Structures are given as structure tokens and as C-alpha cells.
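In this document, chain identifiers A, B, C and D correspond to the written order of the chains, with residue numbering beginning at 1 in each.
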Amino acid sequence: MALNPVISTLGRKLRLAVIGGGPGSFIGAMHRQSARLDDRYDIVTGILSSEPEKSKQAAGELGFASDRLYANVTEMLDAEASRTDGVDAVAIMTPNDSHYEYSMAALACGIDVICDKPMTNTIEEAASLHQKVQETGLVFCLTHNYTGYPMVRQAKAMVMHGELGTIRLIQVEYVQGGKADEEKVFSPENWKFDPVRGGPSRVMGDIGTHAHNLTRFITGLEVDEVAAEIGNIVPNRLIHDFAGALLRFDNGARGSFWVTQAAAGVENCLRIRVSGSKGTLEWMQ
Amino acid sequence: MALNPVISTLGRKLRLAVIGGGPGSFIGAMHRQSARLDDRYDIVTGILSSEPEKSKQAAGELGFASDRLYANVTEMLDAEASRTDGVDAVAIMTPNDSHYEYSMAALACGIDVICDKPMTNTIEEAASLHQKVQETGLVFCLTHNYTGYPMVRQAKAMVMHGELGTIRLIQVEYVQGGKADEEKVFSPENWKFDPVRGGPSRVMGDIGTHAHNLTRFITGLEVDEVAAEIGNIVPNRLIHDFAGALLRFDNGARGSFWVTQAAAGVENCLRIRVSGSKGTLEWMQ
Amino acid sequence: MALNPVISTLGRKLRLAVIGGGPGSFIGAMHRQSARLDDRYDIVTGILSSEPEKSKQAAGELGFASDRLYANVTEMLDAEASRTDGVDAVAIMTPNDSHYEYSMAALACGIDVICDKPMTNTIEEAASLHQKVQETGLVFCLTHNYTGYPMVRQAKAMVMHGELGTIRLIQVEYVQGGKADEEKVFSPENWKFDPVRGGPSRVMGDIGTHAHNLTRFITGLEVDEVAAEIGNIVPNRLIHDFAGALLRFDNGARGSFWVTQAAAGVENCLRIRVSGSKGTLEWMQ
Amino acid sequence: MALNPVISTLGRKLRLAVIGGGPGSFIGAMHRQSARLDDRYDIVTGILSSEPEKSKQAAGELGFASDRLYANVTEMLDAEASRTDGVDAVAIMTPNDSHYEYSMAALACGIDVICDKPMTNTIEEAASLHQKVQETGLVFCLTHNYTGYPMVRQAKAMVMHGELGTIRLIQVEYVQGGKADEEKVFSPENWKFDPVRGGPSRVMGDIGTHAHNLTRFITGLEVDEVAAEIGNIVPNRLIHDFAGALLRFDNGARGSFWVTQAAAGVENCLRIRVSGSKGTLEWMQ
């Protein structure tokens, strides 16, 4: 196998633009690092702030070429779409309420999209985006990154190959403590507590989506029925910070689902246990 | 402190009779070993089988005195109650449907009771037994043994002293695999799958009672509201083998509860996580 | 199998006397608890202090019969040897320099011996005791208790059955922190720091003996050659508190040996790793 | 802080050449990935094989520019030294016996060096290289990469700040299984078993150097005296596959050192325990 299959195939690396992840962002550095890790991408441009000047400065600090310093997403997508060496894909890591708009815009320019979860803040936007992807035939990826762990893939393979027998019981939990502090409330600077920008059910968008995705990825089962409570356990919140559910899957399996960002002191505990007629597997991040 | 406080106080050890736990029993040896461990008890007699001859033989094998080999529980309780050196207490470790009868009989003879959980198979029997205990003023203990772990006591102390702040979220699970096998079904020999002797909700009587007790013991909170599914996930069962619930506690905390004996390959996983406004504790057996 | 094989065989439990382990002793309670655990022994008498009055009081607190309260070891051994219901065995848990004397005395009275390690403080005493055991044909046990762990027995079985292939490399360590404190030095009350009573190489007698025994037990190999340093790393000690060695075993295997009681903050870390041509096993207490 | 301090300082990333790490190499991909991770380097050229044609093909697969495809190290160093945009540094990841030659050559061209450990195969070469580095004033780094772990840095900080008190006892081990197989012996294709190319004491060059470096890095102590056995435990080897040592450090501390690549089935176990008068720390990879 060639040392770099992308270069061997295309004669070059893929060209990537980023939207979001500027100064002060945790996830921005993660995204860019991950893009570099396997040597498949060159990150050649990006919009790193909603303020044009701040964005251009950050773009310069990342070493983007001077003819690729753009004021905003629209300008960037238009310019890149018209370059012969334009970007192949954009990676979107902005607040949740802009995922829909930027994804639609990129697809409209013929550019593939790597979008942070949650896909959108409403089911209507998700359906519309889904339709757009089908119409354009472009690639649209959600960063359900936990499916990339070798152990998670091994878990999926074990279920698929019948090593666990018929799946009967599934427990999944994602417990964090980042929103446990009562002092942490909505402010103009803190979009993570804003029910408009982050969506009202932050806990589901932030981590419930990972728990649900992990369950589906490993077991191949879909949830048929749900009994749930979703709300805020920390007082004076406008967003949800915990969700519990009892699940019935399409094959008759039963499940327990528990996610929260209000467990004081807990770092990042994602855990799944899948029991079948022949055995049980458990994975913990 | 004296080397043995019971001997220092009474001038002798406590005298204990056992009911149940004969040949083939797992829990019988555990009970007797535990009774010996701290040197507080002499096990002097017992009924080790519902068949008089088998019981007497087992009693002899355990070294009980020849004038203390009894045919059945009634005979034993009557004889011991009339001896000047009669037993101080009985430990009951029989199938669940006999807990009520034997406890009532011992209390009627003025003998303290150590009874395996669940207390009874019905709420009516439990209430009647509770009343009897209050009338007689005797000691009635349920073997909620997990509360004896130093770490569990530490957990309770931490909650009580406010180290976790206001309790907000509680997750408890007790997952076993002993009833995962589809071949294991009710038969005359196997009372554990008999909905009459073991009670219909075996999973709740066997381990749900431990999970619930542990939650109350550590947090001091009571469950106010429950949304639950209890049933059998292994086909052709007459007893329950899993239960999931979402809980609301009397202080407004929310909880998740998950117990099963049908998780193939899992030994004995009892786990609780309690989150408060200041911190989270987790304990796993 | 009978519920209690000793009772089935003898018609009674074994009768045990203890020497040592009185008030303030850690190991005394462990010994007595362990003797009760499997229901093979009745502890019927003992000498619990070198001061006759203190010993008799402690004996009373443990519930020994009034005609079995003795002033000292000699009196006890003589009296028990002449009773028809005399003790079958004595368990010796006194300072190391008395192991030889008490063991010899018990054997001379025809009584089996369970002796704490180290066997004696000198090789000459050990040889003399060994000869006495052979002459009398009595049972002499050293409490190399770690060989009782199921996992250690499993390890031994794996080596014996060739699952690891030819044994090549052995690492064993026993690291404790009980003697890390510089303030802890020899005083008349503290025999553990007395090079006469405890022996000069406390660390070898206390835990080196366990590490060596564990190595021999699991691998079946004997040490042929040693390069070692033994001494005290904590200043102003009259006893050894650490020992390191490179080992050559009789089959050509090489080993590393490290024991200390001066690792501040470490509780009780006993660990062994055995590597053979087919695999490696590791056990940690 | 700027998003990329190197770009902010130099106006560009550092330019790196690699020597070694071509097709089939494990460490080559690691080196290149690590160089990309923090976005400080552009890998612009390299020699990926001692065969010119294979090297040029691999270089093309990695996307190096066509005017930077060189036949051998000398050609590359000369060409790069004369370019205005020549490389700032070379990373050397070739068999151990070439470290000296390539390092000296790069330094002679005024190029900084990142060299895999061991530095050289002989102490004479090491001294000569050390002198060259001092003469040129260039940067020479050895890839003692384990010192980069945050926990290792924390360990060093704890020792330096006196949290462990006076260091008394140090245990370090590095245990691997990659050379446990008796079938694995020297062949022309397998330089790792060649006592010339890899050096006779492979185990010391490969992992002993890491263990020694880790000890010095964390404790700041130097080894004063050594009692050691180094050899091959797997038969028919021309290289060493294990080494054990007892150590005396310059402050009087004592230590145990154990490294092997012949522990069948062990992956990669690097562990250090440092005990001082106030406490003990333990780190395991």
C-alpha cells in the first residue's frame, strides 16, 4: 500500500476549509489536529470568527495564504467554488443554530460537508438538509467521532457476527459535569447556555446524540418506543441538562438511556453495555 | 476495648439457629461463615431441609448437639423457646414465600429474627410482619448486606455531611447473568424460577431490593414517583428478569434504576453514582 | 460431600491453642478469624501475653473455659498434653525470636504446630527445628498464606501444566510503607525495630520470605545464585528495611527481587510476574 | 497567545527532512504524525530507503516536491544546505549504527538534528558527537519521548518541589515481548537482531535507554554504582534481550532496574516507582 493513499489517488491531499473553531475554542484545535493526523488534508482556509477582522487575523496565525483570507462564510464559499484549486470540503464547528445555514450554503456551492453534531436544532431543518444532500449527491458527514475507536468497531463487529446472540438489553450513559455549576447561566457571551443558539435541549444535542449514535452503531437496532424525562436539574436554566429514558428497540430489546452535563466533578464518562442471549459486552471511553 | 464485646457483656456468645441453607445451598455457607467471622455467634441448631431426615443429617454434619436435632421449624422454635439455653435468634434463608411464616413463628416464640431479603412476597404480609415486630419489640433484621461495606458507609457519611451538596441525580444498577440462559426455566426442583415460591418479580426480590436499599441508605432520600418497565426479556419465563425505572425523589432529585439477572456473562455488578451540587461519588462492588 | 469434612471425619472440630496475638495485636484477630472461617477449628485456649495476668484476662475475654486459663506457654502445653481433650495444634504468632523455642516445646509435647513466618531467626535453629519435625513425624506449617489465593494456585497450575513454556524471567516485589517513618525506631515497647527479637533482617523475615515463597510456589524453581544488597535506607535503623537482588534460578531463568518496608505511603503491594517461552503471567495482591 | 506560535514567530512553519522510516517502518509513521500534530513542522523532504529508487518512490508517495527527491542522505543534506528555503532540521530514524554518521553530517551542514535513541552504538561516538554539537552550537535532540507525558512532568515536578521528601528508593522497569519468540533471530533482512547494525545490547539501546532517561528526568539523580547482569535469555541470540541491575544513586538512594524484550505476550509495560521520605509516586504507561 502506498504511504499516503490520498496522494497516490489524487496526486495531492484534500483541501479543507474550516468554519468556526477560532481563538478560545476547544474543539477547533481538535478538528484541525485530527485533520492533520492521517495526512489526508491540507487546511488551506477558514472563517474563524463571525467578526471579519478577528477571523482574518486568526487565519493569518494559522498560516493560510494571503489570497485566502475571507471576511465571512459566503465570501469564502463563493471564492473557493470559483478557484481551480478550491477546497474539496468544509468542516463546520460553529454554534448549533448555524449548522443548517452553513451546510446548505456549502452544498449549494458543490462542496462536501463535515458538520459537528447535532445536525440541526430542529427536525424540519434536518429533513430539509437531508433532502439537499440527496439532491446534490455530495458527501455530508456528522462528527459522531466515538464510532472511530477500534474497540467500538470491535464491539459492532461482535454484535454483527452474532457473538452476543440475540440482543436483549442495552444500557448507555453519557455523564459529564461541565454544566453542574449553578453560577453558569445564559449570558450574551456564553452561547452554550442560550436556548436559541445552542437549542433548548443542549444535553441531547451535545452528548445525547453521541449516546444514541453509539447505540445504533454498535447494535444496528432502532429505538421504537421511548418513555423519557428531559429537563434541567440545575435551577434557573433555560436549557436541558439531563435526560433519562427507558427504551424499546425494534427487535424487542429493552434499554436504559441516561445523559447529563450536571454531574459535578465528572469529566467525560461515556459507557455502553450490550447484552445478548450469548454474552455481554461493555465499553467505556 | 475487650477482645470480644459480646462475651464481655453477656458472658457468652449469642446462640443462633439457622432455617435453610442446607446441602447444595450457596447462601447457607455464606450465612454461617459470616456469623462466625466476628465471633459474636455460636450456631447451635438449625433446620437445613424441608425433609426431616435430610435436615437432621445435615445438622449432624455441622456438629450440632444431638439434643438439638429437630424435624422441622415449629418443633425447633418450640423446643428452643422452652430451653434455658435456647437460641437468641434465628437466621432465615429459605425460599421467599416462607419468609413471612417463619418470621412470624419465631417472633411469636420471643426469638429475634435475621431474615433474607425480600422481606415477604406481598405488601400485605410485609405490613402484617411490620406490625408484629412493633408489638413484640423484638429485633427484626433484613440482610441488606451491602450496607456493611466500609466504602458504602463512607458514601453515606459523605452525603450526610453535605460533601456532595444538594443531591440532584442518582443512578443505580444491579446487573447479573445468572438467569440469562433460555434453558433455565421453572421446574419442580428449581424454586428460583417458580413464580409462587420465589414471587413473580424475582429480579426485584433478589437484587432490585438491594439496589433500592442502597439508594436509600446512601442518600437518605425516598422515591416519590416512578416510571417503570418490569418484565421478562428471556422468552418463556413466568418470572421477571429485568426492570428499568426513571425515578423522582422526594427532594426533587432524578434517578435511573436498572436491574437484571439476564445479562449473559455478567457476574455480579452493583453500582451506584450519586451527584450533588458540589460533587459526585461512585461506588462499584 | 459432607457439610463439614472435619466433623464427619473426627466427630468434632480440631482443637486449637494460640500463642500470641493478644490485645493490641493486628495479626491475632486475623489468625483467629481465619481459624473460624472454614469451621474446622475450635479455639479453646491460648497464651495472649507474656505477662500471666494479662494473658488470663484476655483468654477470658475470648471465652476460653475457666479450667483452660494458663499462666505461660510451658504450663499450657503440659496441661493440654495430659488432657484427653487436649489441643490438636498450636498456632504461634509471637515475636520472631521465640518461634523456635515454642515450636520445639509444642513438638516435644506431641502437638502439631502452625507457626508464623519467618520460621526462626537463624539458619541453625531452622535446621534443628527441621530435624525435630522429621523425628516426631508431626505437622509443622508456616503461614505462607499468599499461596492460598485461588489466583496464585491458578498461576502455579498454569506453570506446572506448561502453559507458559520454559520459564525464563521472574520479577517479584513486596513493597510496604510501614517502616518509612524516620521517627519509628527501636524502643523497649516496639519489638518490630529490635534487631534481637525481630531479627536483624526484618524486611526479609517479614515480607522477603513471602516474596521468595511465592516465587518457589508458583514456578517450582529454586534460586541458585544471588547478587544482593540488603540494608537500611531509613537512617538510624538497627534493622534492614529494604533488599534488592538479581537472581539466577536452577533452570537458568533470571530474576529480579525487591522488597522494602520503607516506601512511604505504600500499603501492601505484593506482585509477581513470570515469563516463559510461551507467555507471561502477572499477579498482584 | 497566537494560534500557532511558530508561524507567528517565523512567518512560516519549520521545514523538516526525515532520514529513515520508509515503507514497512512502524516508527516512521509515528514520527511524521507527531511532527504534524502541533502544526509546527512541514515535512518537505526525506530519504526513506537506502536504495535510491525506493526512497524516491516513497518520497513521492508522501507528496514531497519533485525538486526535493534525493538519492541519498549526502545529496539531500548538500542540496538542502544550499537552498534558501532549505530544511531547518532533520529527523533521523534509521538503524542505530548510522545515527552517528548522519547526525555528524547534518551538523556539518548547519542543520539541527532530532535523533532516535540510542544516540550511538559506542561511547566514543557519543563523545565525538557531543563535542560536535558544542562546537556548532546547533540543536541536537534525542527522542526520549516518554518525558513528554503530562503525568511524567507532574511526577518530576512533585520530586523537584520536595513533595516526596528525600528520594530513597527507585524501581524502574520496561518489559516488552517483541523478542520473545525463539524463531526470531538474525537474518540479513532483520537488522533488529544484527549485533552490528543494532548494537550488541539491543535491549539497552531500545528500551533501557528510556528507563534510564525516565529515572534521571523524574528524580534528577545520577547513577553512581551498578551491579548488573545483561544478556540473552532466549537461546541462540547474538544480541541482549534482558538486563537487570541494582543501582546506587548519587544521593544514596537505592534502585532496581529491569528491562527485557523477551517477556512473551507483554505489549509495552514501562513503569516507575519513586519513594521518598514523605511519599511514593508510581507511574505506568
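The rule is short, and it goes like this: a contact is a pair of C-beta atoms (placed from the backbone, for glycine too) under 8 Å apart; a residue touches a chain by one contact, two chains touch by 3 or more.
Since the structure is predicted, the reported quantities are computational estimates derived from the model, not experimental observations.
J.: Taking contact as defined at the start, I'd like the list of chains shared as neighbours by chain A and chain D.
T.: Looking at chain D and chain A together, no chain touches each of them.
J.: How many steps does it take, at the fewest, to get from chain B to chain D if each step moves to a chain that touches the one before?
T.: Step count on the best path from chain B to chain D: 2.
J.: Could you classify the chain C-chain D contact as same or different, where same means more than half of all interface residue numbers appear on both copies?
T.: Same, since most residue numbers here occur in both copies.
J.: Calculate how many whole Å lie between the centre of chain C and the centre of chain D, each centre taken as the average of the chain's C-alpha atoms.
T.: About 46 Å separates the centre of chain C from that of chain D.
J.: Between chain A and chain C, what is the separation of their C-alpha centroids in Å?
T.: Distance between chain centres, rounded to whole Å: 59 Å.
J.: How big is the gap, in whole Å, between where the Cα atoms of chain B centre and where those of chain C centre?
T.: Measuring from centre to centre gives 37 Å for this pair.
J.: Considering chain B alone, which of its residues make contact with at least two other chains?
T.: Residues of chain B never touch two or more of the other chains.
J.: Going by the touch rule set out above, what shape does the chain contact graph take here: line, ring, star, complete or other?
T.: Topology of touching chains reads as a ring, each chain with two neighbours.
J.: Which pairs of chains touch one another in this structure?
T.: Applying the touch criterion to every chain pair yields A-B, A-D, B-C, C-D.
J.: List the residues on chain D that touch chain A in their complex, please.
T.: Contacts found on chain D: 2-4, 7-8, 12-13, 22-23, 32-33, 36-39, 48, 58, 61-63.
J.: So in the complex, the part of chain B that touches chain A is made up of which residues?
T.: Counting only chain B, the residues touching chain A are 164-165, 168-169, 171, 173, 175, 177, 180, 182, 227-229, 231, 233-234, 242, 244-246, 253-256, 258, 260, 262-266, 273, 275-280.
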